[in-house]
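Beneath this line is the structure, given in structure tokens, with notes to follow.
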Amino acid sequence: MSSTFGQVFRIHTFGESHGGGVGVVIDGCPPRIPVSLEQIQHELDRRRPGQSEIVTPRKEADTAEILSGLQDGVTLGCPIAILVRNTDQRPGAYDEMAAKYRPSHADYTYDAKYGIRSASGGGRASARETIGRVAAAAVARQVLDQFHPGIEILAWVKSIQELNADVDPATVTAADIESNIVRTGDSAMVETMIARIKAIRADGNSVGGVIECVIRNCPPGLGEPIFDKLEADLAKAMLSIPATKGFEIGSGFAGTLLTGREHNDPFRMIDGQVRTTSNRSGGVQGGISNGETIIFRVAFKPTATIMSNQETVTAGGENTELQGKGRHDACVLPRAVPIVEAMATLVLTDHLLRQKSLGR
Amino acid sequence: MSSTFGQVFRIHTFGESHGGGVGVVIDGCPPRIPVSLEQIQHELDRRRPGQSEIVTPRKEADTAEILSGLQDGVTLGCPIAILVRNTDQRPGAYDEMAAKYRPSHADYTYDAKYGIRSASGGGRASARETIGRVAAAAVARQVLDQFHPGIEILAWVKSIQELNADVDPATVTAADIESNIVRTGDSAMVETMIARIKAIRADGNSVGGVIECVIRNCPPGLGEPIFDKLEADLAKAMLSIPATKGFEIGSGFAGTLLTGREHNDPFRMIDGQVRTTSNRSGGVQGGISNGETIIFRVAFKPTATIMSNQETVTAGGENTELQGKGRHDACVLPRAVPIVEAMATLVLTDHLLRQKSLGR
Amino acid sequence: MSSTFGQVFRIHTFGESHGGGVGVVIDGCPPRIPVSLEQIQHELDRRRPGQSEIVTPRKEADTAEILSGLQDGVTLGCPIAILVRNTDQRPGAYDEMAAKYRPSHADYTYDAKYGIRSASGGGRASARETIGRVAAAAVARQVLDQFHPGIEILAWVKSIQELNADVDPATVTAADIESNIVRTGDSAMVETMIARIKAIRADGNSVGGVIECVIRNCPPGLGEPIFDKLEADLAKAMLSIPATKGFEIGSGFAGTLLTGREHNDPFRMIDGQVRTTSNRSGGVQGGISNGETIIFRVAFKPTATIMSNQETVTAGGENTELQGKGRHDACVLPRAVPIVEAMATLVLTDHLLRQKSLGR
Amino acid sequence: MSSTFGQVFRIHTFGESHGGGVGVVIDGCPPRIPVSLEQIQHELDRRRPGQSEIVTPRKEADTAEILSGLQDGVTLGCPIAILVRNTDQRPGAYDEMAAKYRPSHADYTYDAKYGIRSASGGGRASARETIGRVAAAAVARQVLDQFHPGIEILAWVKSIQELNADVDPATVTAADIESNIVRTGDSAMVETMIARIKAIRADGNSVGGVIECVIRNCPPGLGEPIFDKLEADLAKAMLSIPATKGFEIGSGFAGTLLTGREHNDPFRMIDGQVRTTSNRSGGVQGGISNGETIIFRVAFKPTATIMSNQETVTAGGENTELQGKGRHDACVLPRAVPIVEAMATLVLTDHLLRQKSLGR
């Protein structure tokens, strides 16, 4: 059950970093939704390696093929299968990895769980696995467009290490973010962040940071207490992304410093709508969207792959040292931005359709 | 589907704050597990209102009845239904609430979602809903004891506002935590925290904070990539608890300030086991437990109920003011400690049984 | 997961024949549906023991209590928990059962599966378990009434052994069926069937038969290929009822004798609707309702409890003989009629809400 | 959710009769199971069109490709994706079908449900969809072999119209069945059945029949009451196969003619095992396997595609006539035998792994 996400708009992903390919089967997508290969490909290109000078040079065209579920560019209501072939396979480059557990990677835990592990690349634990999510979310986006075209889902790099972008969540645009290869919303911080990533890569080291995401114009009423609260499903979605270590919504951890009197969001009628005059709730109250902008942040640890020698053990149980070599993303955040958006899109689409099942 | 949690060890909770009662049905519990009403009652008493001078004085005995699934104190493999009757019902005290949306509560969003709302108490959004979770986790704990008796799940109050407890996650004991009504692990901070809560309550205000939780002696191999990673399921579990705004595991948000060279956890063979010499991963790598202590933190916002007058709107769409009155928890954290432990217990038990289904 | 039925309109049942009680939690019920305790009680009374001279004299009032999910007689969108207490507990009457496996009962298989078994009554395998289903279906019926009030679900006893009722599925009414204690739709057969049941009971023996069920005015479009076809879900629903051995829809097994030319249902436009001029499909084509009357039949084996001595073995593995004694239903069919209707109602309601989730 | 089958060993199928291909993603397969492409291909060849003179001449090589989840012929514990390309696409041959609803096919109901329909072939309703099931079952078979190598699952053609094969369920072998192109177990009936199919095809007509299936050496204890009883899941599995109209297990519909005294299966200790001396239960009691041979039958209606002109309506709502032409299976049963076996294999494997999750 582990590779399925969603209750009504369900996706099933598959594929290792090396092998036939990676992909997704989408089930529960409403019929008669226009979907184009271009839309899917556009999103895949945003998460693709080799897209800029600050990401891994691994060359993968990541060309999607839609195997089923569409006719003349419109969904049939049947499962939509999408396949992206693996092309740049160099298993030889990973020989040492097969024998030695890379620190803070999933090599050891996969062996511990399954008693077997993909000998090359990261196998299923590779970030390449997220291709299926991004492709599925491109389809989900069309479902949102059909039922709630105004919903906007936008993520950006909020920080890299201590470098903090000054971004106004209310006004930042997709164009702002896509205008720079870091995908931050603060133009003043772009060069500093790029320089940091380049410097850290030159040093064979890596960095992490925080991605912030907003969902604007979300209709009130989405989210299903008690367990499938909107923030709970968003938290799960985000923590399922490789390299994530934290999630917070609205006021988050900083909100624990406030008193209730400072923290509560007063209600006011504005233009005939129930609105709040502040948004420390982050657009969700009691697990259900309240119509305000949903805003959350996701912490990404520094990439585990570094070019230093590291202490580790072999699969056979001997202490050893792992040599740093090969290709790596010194900072995954620019490529993780579309993945955060994708997971948010999947959560929202699922809850939108779940709400319909209540006859609402 | 919203009141179900777990895939194999599944719980279904029910009940509003006012009405016949609250409870849970547990399905998928292995047979022949000894379970006593005393164990369940003990955990319920830890989350019960009125248990100390710093929590809400609402008087609920919260006496559990096991309706099914046990025989002579042993599970039958059949659904275990547990019921706790509601006793202290004072609907009159909430009359104003029925008409006016309480700021940062779920009143408005329930109306927006369902078009109807429990007129008294918080209905399903009340923290009383967590009784079913705590009762179910007391049963789950017995399952763990049967298959992995060494697993220890322990939570404590890490901070209240800026008051930060100095707790050593490696050595703190259940006795340390239960020795004080705040349920913090730092004896030097107990009186300060109690004083803060009393002062804030006297002011009719409220505070939040952070709860930290460890899972010790967790066997390696638990967690199911890609989507049901152990940290993803923990994140969802924690964000489903009322009043939570954030989750982080291991190095969390602070880890984003480090480089990979600083952050990676080296592997070493220790006593014939694969171990890490640091634990910034927080006991989970690639979504799977690695045998180290799992450690995570959960942010709780300040209680939404305060004794101040607040701007709000009526259900009919008029601006108005809500009078502060009634009973409230000025700080939910002491009572939330057993709830955090309960949700962690449910996640772990489910993943333990899921691992068995792989024949491992 | 074994006590959950449905995907969107989900029910979770619990309870053994002896113990605190039996019941159900309904999750996914749309809000604002009027539900009365009287409606639930009415259906429970139809399946209740002791209701007539041809069913088991076991005395159970089977009084339902709604624990949660309703307010002023209207659903809240929250889980609806319903409890029926066990009252007529005579564990002593079953002492021999605890030691000896009753032939064609579930005693041995429960032991084989769980390594433990309810020592009295049939435990979870008792027909008493169906109370939760019937109560849930009474709620589901109100959901249908809200969205498709014209849908009619009607079952009757088609045969008892070789006694075959001549019932016109197109015209038989609920009043026809409820007018006699056998619940057959053929008034000419009533006395013969009653006489057969009384004779077989007098002999300490038992009989089975076939129940036929129609769903009239079902809208076209319900059912979800590939695996959740309407007939597949109906088949599963029916085979989950105790004592069932077969299911057929439309032409069923007899249809295998025909050629395609004889069997196909021609389409014609009638009153502006696509209709078929015959109905060998039984109202379902390709797993989806076609707007014609859905008609199916369910085979019930003769009751396993008989008053004869039978060869069997003890739980300890010794050959022995079981003495026939106690109370029994010589024929379960009259009481199974509302259970068949209940399961059909649950399937239909679930698929109706699933169809809504497609935005259709 | 409609294209997912199983709870622990889960399969997700995809694909239409025309388009990129059909296939399956298997999730929950235990790791370290040896699986070969040859095993999969062998089963696909058994259901393939064009395999003999009595099945449709449609030419599809049905060559499987394993896209993920295996390494060096062993499962990784990750999703196993299998793809079979469509090759023999002649959309032109189906032009009339796009405009006119074929009687007793799914054309109309797909339009009614989805508001759109695959314009060529049967789309998702084509029997070609079953390729994914058969491929997945070939993998499941290896799981059974790993944990319970003695389990034997064997189906055969029991009848075609009134032609009834005399097969001894206790002794018939796979070799007996595969020795003839009808796949019946009665050598004396082979020529008669072949002649019937040829005659009916020459007439442009079609026939149906009954397939019988046994599961030998099934361990006791499989099946999960209340709703996921083994017979309930088998019934659902079988009724999800295209063209099926009925299911019965053990004594089935004929068992309704017996009395309880005649029907009950006495228990005896045989070779230290609890056994029954008759098997009218069909290997399942109370929804759980009892260790005896599981035996069930499935009714298949005559193929809906016939070469006669038939009354029907257009998608636009006009009465019209459909011309009979094209390729068809005059009798699907020989090709349905491996599909029945496949679905039985999937049910059994899922329940075997579910039993493991109980720690049993």
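Per-chain numbering from 1; labels A, B, C and D assigned in written order.
One rule holds for everything that comes next: a contact is a pair of C-beta atoms (placed from the backbone, for glycine too) under 8 Å apart; a residue touches a chain by one contact, two chains touch by 3 or more.
Values in this document were obtained by computation on a predicted structure and should not be read as measured data.
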Worksheet item: Which pair wins on C-beta contacts, A-B or B-C?
Response: A-B
Response to the item:
The chain whose C-alpha centroid lies farthest from that of subunit D is chain B
Worksheet item: When the C-alpha atoms of subunit B and subunit D are each averaged to a single point, how far apart are the two points in Å?
Response: 46
Practice prompt. Mind checking the centre-to-centre distance between subunit B and subunit C? Centres are C-alpha means, answer in whole Å.
Written response: 39
Worksheet, complete the sentence: Between subunit A and subunit B, the Cα-mean centres are separated in Å by 26
Worksheet item: What parts of subunit D, by residue number, touch at least two of the other chains?
Response: 1-4, 7-8, 13, 28, 31, 77, 113-115, 124, 354, 358, 360
Discussion item. Looking at the complex, which residues from subunit A come into contact with subunit C?
Written reply: 8, 28, 30-31, 77, 146-147, 353-354, 356-360
Discussion item. So in the complex, the part of subunit D that touches subunit A is made up of which residues?
Written reply: 1-4, 7-8, 10, 12-16, 19-23, 25, 27-28, 31-32, 65-71, 74-81, 83, 113-119, 123-124
Fill in: Footprint of subunit D on subunit C - complex, ascending
1-5, 7, 13, 101, 103-106, 108-110, 112-115, 124-125, 129, 159, 161-162, 200, 205-210, 220-229, 231-240, 242, 244-253, 255-269, 272, 274, 276-277, 280-282, 284-291, 299-306, 308, 310-313, 317-319, 354-355, 358, 360
